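Each of the two complexes below includes chain A, the first together with chain B, the second together with chain C.
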Partner chain A sequence: MRSAATRPAERLFTVAVWAAAGAVAAVFAWMLADLVAAGAARLSWSFLVDAPASAGRAGGIGPILVSTLLILAVAIAAALPLGLGTAVWLAEFARRGSRAARRVRLALDVLAGVPSIVFGLFGNALFSVWLGLGFSILSGGLTLACMVLPILIRSTEMGLAAVPEDWRRGAAALGLSRAAALWHVILPAAAPALSAGLMLGIGRAMAETAALIFTSGYVDRLPGSLMDSGRALAVHIYELSMNVTGGDANAYASALVLIALLLVINGLAALLAERWLGRRIVTS
Partner chain B sequence: MISSANSSSSRSRVDAALRPALFALATASAALLALVLLFLAGESWPALAEGGWRRFLASDGWYPASGDFDLWPMAWATLAAATGALAIALPLGVGGAIFTRFYAPPPLAAAFRRLLGLLAGIPSVVFGLWGLTVLVPILARWQPPGTSLAAAILILALMVLPTVALTADSALAAVPPDWLAGAHALGLTRSATVLRVALPAARAGIAGGALLAAARALGETMAVLMVAGNVVQTPTGLFEPVRVLTANIALEMAYAAGTHRAALFASGLLLTALVALLAWSAARVGERTNA
Partner chain C sequence: MTGTAPCAPYTLGDLAEGTPCCVPQPHLEIRDLSIAYGGQPVLAGVGLDIPRGCITALIGPSGCGKTSFLSALNRLTDLIPGCTVRGIVRLDGGDVFDAQVDTLALRRRIGMIFQRPNPFPLSIRRNLDMPLREHGVRRRDEREDRIEAALRGVGLWDEVRERLDAPALGLSGGQQQRLCIARALVLQPEILLMDEPCSALDPLASAVVEELILRLAGRHTIVIVTHNLAQARRIANYAAFFWMTEQVGKLVEFGQSRTLFDAPKHSLTAAYVSGRSG
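What follows is the complex of A and B.
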């Protein structure tokens, strides 16, 4: 039975909940509309391939895209083996609740919380100065590798943990070695989670600015090698909007490209995961 | 986990090498944290050794050229920005989560969740760009100069809102359906079900999400740097320009040397301790939910 007094309160709460959701959606729609409206006019094929001119006010982002992809490639090449190995050890080899496993997990949790600007400081001190790599794509990529490692390990470990225990027993009963079981059964079964983790890592690395300012630097020329400084797309957006007057239009166009790339990577990873899973499991 | 140590794994020489190899990788991953802390501590040592902590807490202000490294104004600005952002993002985010779980028709709930997922992936520098070119001019027309603590709070609130909403959403999803059905059977209204049953049951998950969001707000650099105005001063009003700790590192690392550089590393160490503490409490709160 509802008394008359609760009805207005009930209606008020409903309105408040809808208003909160509506406000959130409206603000974000406003932001996305601004991004598209301000950036779409500049987008063209030549914007994607041309070199920036007059400090980025004119021209395109060709060399910056190349640098971004190189930095990402370095980051993934460094973080993937380390991350995959650690996750497999945690999920398949470490005894549950063993002290070593707990310590590794704690260290990774703390590492995941370290602010990106602090990774920038660390990368600058270790890679740029101590190892003498200077401001280079290699320094930037390795710094990002440290940053995305916890994300990669966490999602991979969760994916491995979700593989049914029966499959491991089945593989053992068939006389498969641990390595063969891992390679032919467990890793393929966990493939969607592995790609999802990889996607999260790439997304986070691609969006990163603060960790790159003092590691891969600002140079907007086409990099000749991994030892050259290269400006990532996110750093380019920062530079254009903060330090170049009249750079806003190109900053918005670059932001649109960055968001589009992030969306494409997400979609591609999901697709690859499905394909891989289907092929390996059905035929083996 | 199974241990077929003697039967199948002895068959393969690869297996014998696999466990120690993977253990070495795991150790290397964990050692990375030690390496980070070691380098931060090592690089900040010159500043710490020369005057100790007092130098950062009881100087006359932040004047690197004359060796004064008072962190308080920037620490207060950091805390004010993060607290303000959370004060806005928490009610809106939890409201959004209640909307998707209890009020929205399923297609709308799915669309709202997808929107939040999309927003969670938008780079901070893009939030900063939008804040600088859209939000700051609006604020400036009303309360010049526009680049201010208020702008930082609003942009940070937008950035952490998806984190708050998505964690609250999954915490509400984990409330046992029986409890909700029970509340319904007792004749509770929908708002009473949400406020008296669902929210208390999901309390720990929501708190964990809020702590994560706070850690993210404290550690954020670019978005705040672009809209906050970056004047080193203790915030006295919402519309004063302020500089947060992270922005200070980003702004001054380019030319800092000697003790100044060491002081920036020390502020990074402080920031890491603060954020790690929050992340650790978030993990603890989350553990308690699962137990």
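What follows is the complex of A and C.
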């Protein structure tokens, strides 16, 4: 008798899944190694705070970092309340199988697949031109909010749907209002899904180039207000590697900063979601 | 357990200690109650009086509408899409189905315990504190007193006093169910609806909860759905037997539980309580 692990098919299968996982990890490691190798040398405190010089070939990325964070802040500030509200409506208020809810979900799923360049053109038409916000951090942030919403909503909705019905009935039987049940029990229980959605959304927003070129523009000065144009990191990297000869080294360094920033912000978002909502939830 | 209810069954008036007791006065008057889901009737034409301070057991086979009946009493049926309830449930003279009725206040007066313990994923303390706060008990010391009283009332205080801030979901099943009962009690309801409160518990925990139900009777009117006929016989003062005819649940017999178990008037009841059907 041969044990299961020694059968040829079984062994082949085991090798195949290990190889697949290994290949994925290797691609990521390679990318990271490439970035570090080419960009780490340029990294320094002054690179992070200085203004770019000579179209970005020299100097740092200080104003660009500020613009990136501002755009992201606008996007989150707009997307979070809207997304949370829509997810709560879909999961808690819309009747099961209602036509309105089905349409909203369909719209969100289509939106999630729309190429970012289309969002850019739409954001330009709506925010920059029609609403008169021009090329500004506000336009860019709001456009990103539109892009992030589908991810945020669907992920939060799924989290809410996974909250056991027992708690809703229990809360109702105690004479708690729906708002109280949501605030104290249901939303905190769905916090992990909310923060996962938020992180996916932030990832998408931070990596965005096409949607921002048309909305927040690529002026690399330090923005004076949300109505100023500002260049996001991803746009800066694109600009350096495509349009500025001799900008590759700084493009690599900027990409490295972008990855690091993404990790830091995701960690922060997870921490905040846990603090804000998860703190009150205690599971065994 | 002696096999008798908290006060001798069917006594009129109060116990010697002065606590209110099971009295044959209606606390809830139910008239011609019918429930349908999406137009499909599940319960029709139920009428009975739930006596004040007594334990009334609802018995009968699964699917004959006992849980639906229970949920209609505190209007939890409002939450179920497509559920329509017709008839009258009078509580102190007012119909609970009246459009003017504040359901949140109603459910504060009529608490409910579910089959599966459902403590919120909060700490033990916050499970009781949050409903109190939401019902406008602003003073912290009052809330703390009421939390302690409720936990003592279900015999949980000594077990959890050292770890009130520990997660409620870390308690055992029986403790969780008692916590849920405490959570209902902390709002000082007049009536407690219990939907098979022991069926998800092991025999020991079940006995503890059963004893607790006996202690709560008198001060609270209790309506309990149970599939455990022995339990119904042990604790109930009154019993209602539901049966399904042509896919619709109906009340077959209602009366003092001794009569219903020992000298049922209806042949269906006799067959069910003797284990010959159902």
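Throughout what follows, the second predicted complex is superposed on the first by the 242 of 284 C-alpha atoms of A that agree within 3 Å, B and C clash if a C-alpha of one lies under 4 Å from a C-alpha of the other, contacts with A are read in each partner's own complex, and residues count from 1 in each chain.
Basically, a residue touches a chain if its C-beta (ideal position, glycine included) is under 8 Å from a C-beta of that chain, and two chains touch if they have at least 3 such contacts.
No experiment lies behind these values; they were computed from the predicted model shown.
Peer 1: Which holds for A:14: it touches chain B only (first), chain C only (second), both, or neither?
Peer 2: first
Peer 1: Of the two partner chains, chain B (first) and chain C (second), which one does A:189 touch, if any: first, second, both, or neither?
Peer 2: Second partner only, chain C.
Peer 1: Is A:177 contacted by the first partner chain B, the second partner chain C, both or neither?
Peer 2: both
Peer 1: May I ask you to decide whether A:260 touches chain B, chain C, both, or neither, giving the answer as first, second, both or neither?
Peer 2: Neither: A:260 stays clear of chain B and chain C.
Peer 1: Check whether A:26 is in contact with chain B, with chain C, with both or with neither, and answer first, second, both or neither.
Peer 2: In the superposition, A:26 contacts neither chain B nor chain C.
Peer 1: After the superposition on A, what does A:169 contact: first (chain B), second (chain C), both or neither?
Peer 2: So A:169 meets both chain B and chain C here.
Peer 1: Starting from the residues of chain A touching chain B, keep only those that also touch chain C in the other complex, and list them.
Peer 2: 95-96, 168-169, 172, 175-177, 180.
Peer 1: Spell out the residues on chain A that touch chain C in their complex, using ranges where they run on.
Peer 2: Listed in rising order, the residues are 95-96, 164, 166-177, 180, 184-185, 188-189, 280-284.
Peer 1: How about chain A: which of its residues touch chain B in the complex?
Peer 2: 1-2, 6, 9-10, 13-14, 16-21, 23-25, 27-28, 31, 34-35, 38, 81-83, 85-86, 88-90, 92-96, 100, 103-104, 107-122, 124-126, 130, 146, 149, 153, 165, 168-169, 172, 175-180, 182, 203, 206-210, 213-214, 234-235, 237-238, 241-242, 248, 251-252, 255, 258-259, 262, 266
Peer 1: Considering the complex alone, what residue numbers of chain C touch chain A?
Peer 2: Chain C residues touching chain A: 74, 76, 79, 81, 103-108, 111-112, 114, 116, 118-123, 126, 130-131, 134-135, 166-170, 180, 183-184, 187.
Peer 1: Could you pull out which chain B residues touch chain A in their complex?
Peer 2: For this pair, the touching residues of chain B are 1-2, 4, 7-9, 11-12, 14-15, 18-19, 21-23, 25-36, 39-40, 42-43, 91-93, 95-96, 98-100, 102-104, 112, 115-116, 119, 121-126, 128-130, 132-134, 158, 161, 165, 187, 189-192, 194-195, 215, 218-222, 225-226, 246, 249-250, 253-254, 264-265, 268, 271-272, 275-276, 278-280, 283.
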